[in-house]
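Have a look at the structure below before the remarks.
Read from first to last, the chains carry the letters A, B, C, D and E; within each, the first residue is number 1.
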Amino acid sequence: MSEHVDTSRRRFIGGTAGAAAGMSIAPGVFLNQVAQAKPADQPVTSENRWGMLIDTNKCGDGCDACVRGCMEENGWGDINDSEPHSAPEQKAQWIRIVELRDTRTGYAHQLPLMCQHCKHPPCVDVCPTGASMKRADGIVLVDKHICIGCRYCMMACPYKARSFIHEDLQDQLVVAPRGKGTVESCTLCVHRVDRDGADAVPACAEACAAEGHDAFVFGDLNDPNSEISRQLALHGGTEIRADLGLDLGVRYRGI
Amino acid sequence: MKKTIHFREVTNNGTGYWGLIGILGLIVAIGLGATYYMEHHGHYVTGMNNQIVWGIPHVFAVFLIVAASGALNVASIGSVFGKAPYKPLAPLSGLLAVTLLIGGLAILVLDLGRPDRLIVAMTYYNFKSIFAWNIILYNGFIAIVAVYLWMLMDPSKKQYSSTVGFFAFLWRLILTTGTGSIFGFIVARQAYDAAIMAPLFVVMSFSFGLAIYLLVLMAGMKWTGRPLGDALLRRLKNLLGVFVGGVLYFVLAYHLTNLYATEHHGYEHFLLLGGGIYTQLFWIGQILIGSLIPLAMLYHPGLGRSRTAIGWACALVILGGLTQMYTIIIGGQAYPLVLFPGMEVSSSFYDGVVAEYSPALPEFLLGIGGFGIALIAVALAVKVLPFMPQTLEDAVADPHHGGATDAAAGKAA
Amino acid sequence: LLASAEVPRPDIPEANARYSEAQGCVEPTEEMRKNHMEYILHQRDETMRRGVRTKQYSLEECINCHVPKPESGKVVRSDSKEHFCSSCHSYAAVKIDCFSCHRDTPMPDADTTMHRLGSGKAHHFTGTEA
Amino acid sequence: MSFVSIAYTALFYAAAIVFLVGVGARIYRYAKTPAPLKIPTTPAPTTTGGVVLRMFREVVFFQSLFRSNKWIWLFGWIFHFSLLLVLLRHIRYFQDQVWLWVTLIQPFGKYAAFGMIIGLLGLWARRILVDRVRYISAPSDHLMLALLVGIGLSGMMMTFVSHTDIVSVKAFFLGMMRFSPQELPTDPALLIHLFLVAMLLIVFPISKLLHAPGVFFSPTRNQVDNPREKRHLAPWAAELEK
Amino acid sequence: MADFDVPKFREIPIIPKLEEGTMEHSKPYVAKADFQQPLGYPGELVDNWKEVAIDKMGELLGKYRSFQVFLDACVKCGACTDKCHYYLGTTDPKNMPVGRQDLLRKVYRRYFTFAGKYFPKLVGAEDLSEEVLDDWYSYFHQCSQCRRCSVFCPYGIDTAEISMAAREIMDAVGKGQKYCNEIIGKVFKVGNNLGLPQPALENTLEGIEEDVEDDTGVKVRYPLDEKGAEVLLVTPSADFFAEPHVDGLIGYGKVFHEAGISWTLSSHASEAANFGMFIGSYENMRRVSMRIREAALDLGVKRIIFGECGHAWRVAYSFLNTLAGPFDFLDPNYPVPQHICEFTHDLIKQGKLNLDKSRNDDMSLTYHDSCNVSRASRMGDTPGGQFSIPRDIIRASCNNFYDMSADTIYDSTYCCGGGGGLLTDDLMELRVKGALPRMEALKKVVDEHGVTHMAAICAICKSQFAKVMPYYGFTLDQIVSVHQLVSNALILTGQKSDDDDDDASDED
């Protein structure tokens, strides 16, 4: 057991860019001593519900490190030159920076927006084949093997979290197969989550931390002792368009 | 003497018929070519993008699907409401309903990101999805109308035709409601989040379906040299007028109720005043060309008698219907999602701005190809099976008009 | 065996590694010839829907073992007959669309050693028990 | 080589010979027997091109059957069209370099198996349920349907339930065609499938399946309607004039 | 009226359930030796009839591709089963076309196929026996060789070909049918089916000439054996005297008169009908046909035109060139032979006939497509001319014309029930029952459109209808010739005024 945890930690740290980053995430890792990754051959369960809390107050002006982190991890976006033919409006964006300005006060700030991993996801409700799906642990994915590319989920998603691939791709990354004619969105870095469980850090969060902003907290919303639950209990959090009642997995602070 | 209407295959064999088949075949071929082009390269060659995910193909497809259920209306009036003059119109009406639906579905399927996975679409069902339900509704519609046509056309099964016709009628109501709900279920989009969407689609189907039916009927009877009575045509065009008026009424009701709810003001302002092309399409395309002018033509004492004018009125209703679909489908997507009420938003993903959409030619070709599929199927079907009545003279088809007795009318049915 | 050279058979490239001393592939070769698609399609659903990420039938590992790495001279693409999968599939006229999404070559840093589940020399996240 | 492989090699050589020689001999006989009189069912085409078109409509769309009986047409056409697709899909077992179009139709051929079975069952149902058809059916008519259903189901077993080693099956047949026998996999479904196919090949030349070549030789369908323009005389009839 | 039940009209034509053996008793008289021998057949059933029959079957298999292919190709699909008017009228399964073929096919399989030789039960093969021969005699004389089954069979299997072969086999063993064989003998002896000798013909034609002159005031000629005439008219002998046939003949004469073309009948070939076809005998059919060639040569005509007769037109159109050709001594500008309808139609198109349609206003017409014209021959230069040309003529001659239901006309037409050598009183039951589908279709247009008369261009159809229509509540004069309509409507140049004409028609 312990060997196992060790292994995962070693790998995890190895995967992060620098020592500074390692330091800053270290607390999270150690705090979760008890939590552990599920064994690879066990299915995920509804005991966990993975989510993220994003503190927009920490989100720096003009920063887009999280976006580039995601691109690197999952192989999309211009830095990978992944969709050379598509027009800008046609290129996929799993996560984007949205700038807000309050029309009355003029207060402006920014936040990263990606799939909110809704508990009651409209994209899943409408998908004719069941390709859009929510795993037991709350992660919403597209099972591209049965996605027919109808784009109804894109119509239905209130957050424009999804993108359609408009052209043939090559040399995708192993962790994120993606290809023409199917729809995709943030996977909550599911490959990391499955590997590291509660210790996982999605690539965006990792990049944000590496940049020193540390706006993300990833964790198990079902576990009252998790960092994310404790933070939410302490400071609360908002859901974007909470009026829709979708019970989002991604929460924000400071909007 | 009891006058009976006989149905007969189209026997035209001349250049006219095969020329028509040739032209329609070409349209279908071009549509398929466009599809190949789009699927081979990927959707980047279209104007569709991650903001406007449903484009021109969907405008045509949804229009055809909606019109399909409306085309069955003529048969329903005969079978379900027992209106004798409509009975001889029923087989063609059923046929058109099926072919229009097939044309519309073909467009949808050919525009999928992965049309090669059609088998997946047929074997995996998410029963929570209204879309999946629609697939079942569509297949069921084709099946039930096929049975209905069988009952209508097999003399030994005639007695069942009104029962099956009734089911077909119910089914089609559910189907249009289902199609409307595709939009109704999209809660997040300002344009679609309205209960009135479903009844609006039902009236739209009446109107578009009848317009297409009328055109096909007039052309079919004329080109095959079969008489079509004035009184019958007058009934049909008056009915069309009622439906066009109905659509206008529901559109009015829709926008009025929207104006009542504050959260929809933005979208209403966008569509009715400040939406540029969408506003123009709404007022000029949908309201003026698609509703007011045809209404005027249909009810004008002089023009209303002219077959050419009726034909043009139908064409305008169809054109108006397509623009209406455009404003609903494209306009609804172009208007930005409201993520943070009260805030101005912007991003690299075009949040907060009206989305751009400039449709590419292949999209139109695919859409028109769908029409081609529907029409070529009609043209071929009337040649191999007796869908069309040999005559629709008023004296035979519309005995009340001819002043014949009720008994004769009963028999004519 | 009467097998003679004139009878065309697929020219299947050799794998980069063996599953174990006794067994080449992850299941007996006979079995793989017939049923490999069942294994990977099953694995696919398990992974996608239930988050099961064992390696034995992972497509990633198939490719790692069966397809040479890009840097070793040239890149073998899935549409070439030299690609392991296509060597057979072109012979049997079977088209697959897997590689429209999945890499058809191992990642440059891929580890091609495959060991039995829970053999102790496990990869970073294998077995049920140590 | 295993006993099974040897037995099947022998069986298929025998079946192929019976089939080719048998059907060839029949076709030769049809071609050789004169048609002394012009008996096309009119209205008939007046040119050879027209006859080709008529034959095409008969063979591809079953036009006469369509006019005659919609149910038989429906099931019959579904069956034959599916059969065609299935057989075209099977070309892959007999070609070293498989034609592109054969590769492209593979998925259609795969699901056509269902069409084939549905068509056959529909035809069988009619044979049992319709009194007129029941009256004219001999046991062999039922057996023929059973044989084809058997072939179809055993084939579908392999495609959808328990796979076989296609590569070896293909090598077996490529080997047969090159007179270099190969090992055949011994899955039961495959053995049953192939056995029934061999039976089909053997009965083909002595059964009603001769309708397939026969339709092309039917004088009522393949004659040009031009007796006034062209004198038509059979050799034995010419003898009478001497 | 009859010692059998006349079938009732069915409200919706539903395919009847089959009842086995209802028509087993129906058999025409067997030909006596006197009628057999002139045709070259044994006088009575020969002792070794089985071998002879099998040998004959073998011979025919080698001579007729149709026979060979049709016996092999049938898949028992059942498409033809409800297409035969005799099945619909009698419900006897052996009257289903395939049922009829199977009577012969089971013997073919037994003696000529591998499966039938070794597994007879499996493929329904049977030995040739007395019972089988009886069945043959019974049921192959319940086929009017109308070819309706052939239209609907996916392989075009033509039961007519099978019954012709069967009749030829039966003739070969000495079991011929009296009606056909006697008639063929008469043609050989006298020149026509009815056995009318030259003087009788001359007499009749003179009578006709007088009648026409009385009616119209115009001297229209009806010449016989006139050498050097341009046209030889060959017409069924019924046209010489029987109603309504003779009205047709009157019409032909008027048309020739108006066209100004010289024509003649021949006493040597005073018969268009060729019953050789009904018994499937190439040789006899050829012998009958040769008389026409001889007559044409003898009279030195330039064209041959046939009068209204269905199977005669089939033999003429499809076979004459083969049997008695080549006709290179005739005018190559005209097809050989021509149908009188083609001839009249051409004149109408050229506007050479002054037709007053209103003269037929007392009638409302429908048209019966005769089987052999519809499905075994053609008129004009385009396929389907055999349907449009007679209708064009009718439409040009009268105002009220209505077609019967689409599935009972054109090449789907129902046989009158009396064709194929069955037009004999010993088969009355069969003839009446077989007419049912046609009578139903007629009844429908009578009810819907008030049709009063049915026109036809076949001597057999006309005779048959005149006989069976009364069984179905019609009258025998409701059947008319097409050229009778032409004759009524045609105003000859120089014809008396209309008033006189009215008087004349009153006399009719």
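General remarks:
The criterion applied here is as follows: a residue touches a chain if its C-beta (ideal position, glycine included) is under 8 Å from a C-beta of that chain, and two chains touch if they have at least 3 such contacts.
All values reported here derive from a predicted model rather than from experimental measurement.
Counting steps between touching chains, the shortest path from chain C to chain E takes 2. Interface comparison, D-E against B-D: more C-beta pairs in contact at D-E. One simple way to say how far apart two chains are is to compare their mean CA positions; for chain A and chain D this gives 58 Å.
Rounded to a whole number, the gap between the C-alpha centres of chain B and chain C is 50 angstrom.
With each centre defined as the average position of its C-alpha atoms, the distance from chain A to chain B rounds to 42 Å. Per-chain CA centroids place chain A at a distance of 30 Å from chain C. In chain A, the positions touching at least two other chains are 168, 180-182.
Chain C has no residue in contact with two or more other chains. Across the assembly, chain B contributes no residue in contact with two or more other chains. By the touch rule above, chain C contacts chain D in their complex via residues 1-4, 6-10, 30, 33-35, 37-38, 88, 90-95.
In the complex of the two chains, the chain E residues touching chain B come out as 12-14, 405-406, 447-450. Considering their complex, residues 1, 92, 96, 98, 102-104, 106-107, 163-168, 170-171, 174-175, 178, 180-183, 185, 187 of chain D touch chain C. The touching residues of chain B, when paired with chain E in their complex, are 1-4, 6, 8-9, 155-156, 158, 386.
Listed in rising order, the residues of chain D touching chain B in the complex are 66, 107, 111.
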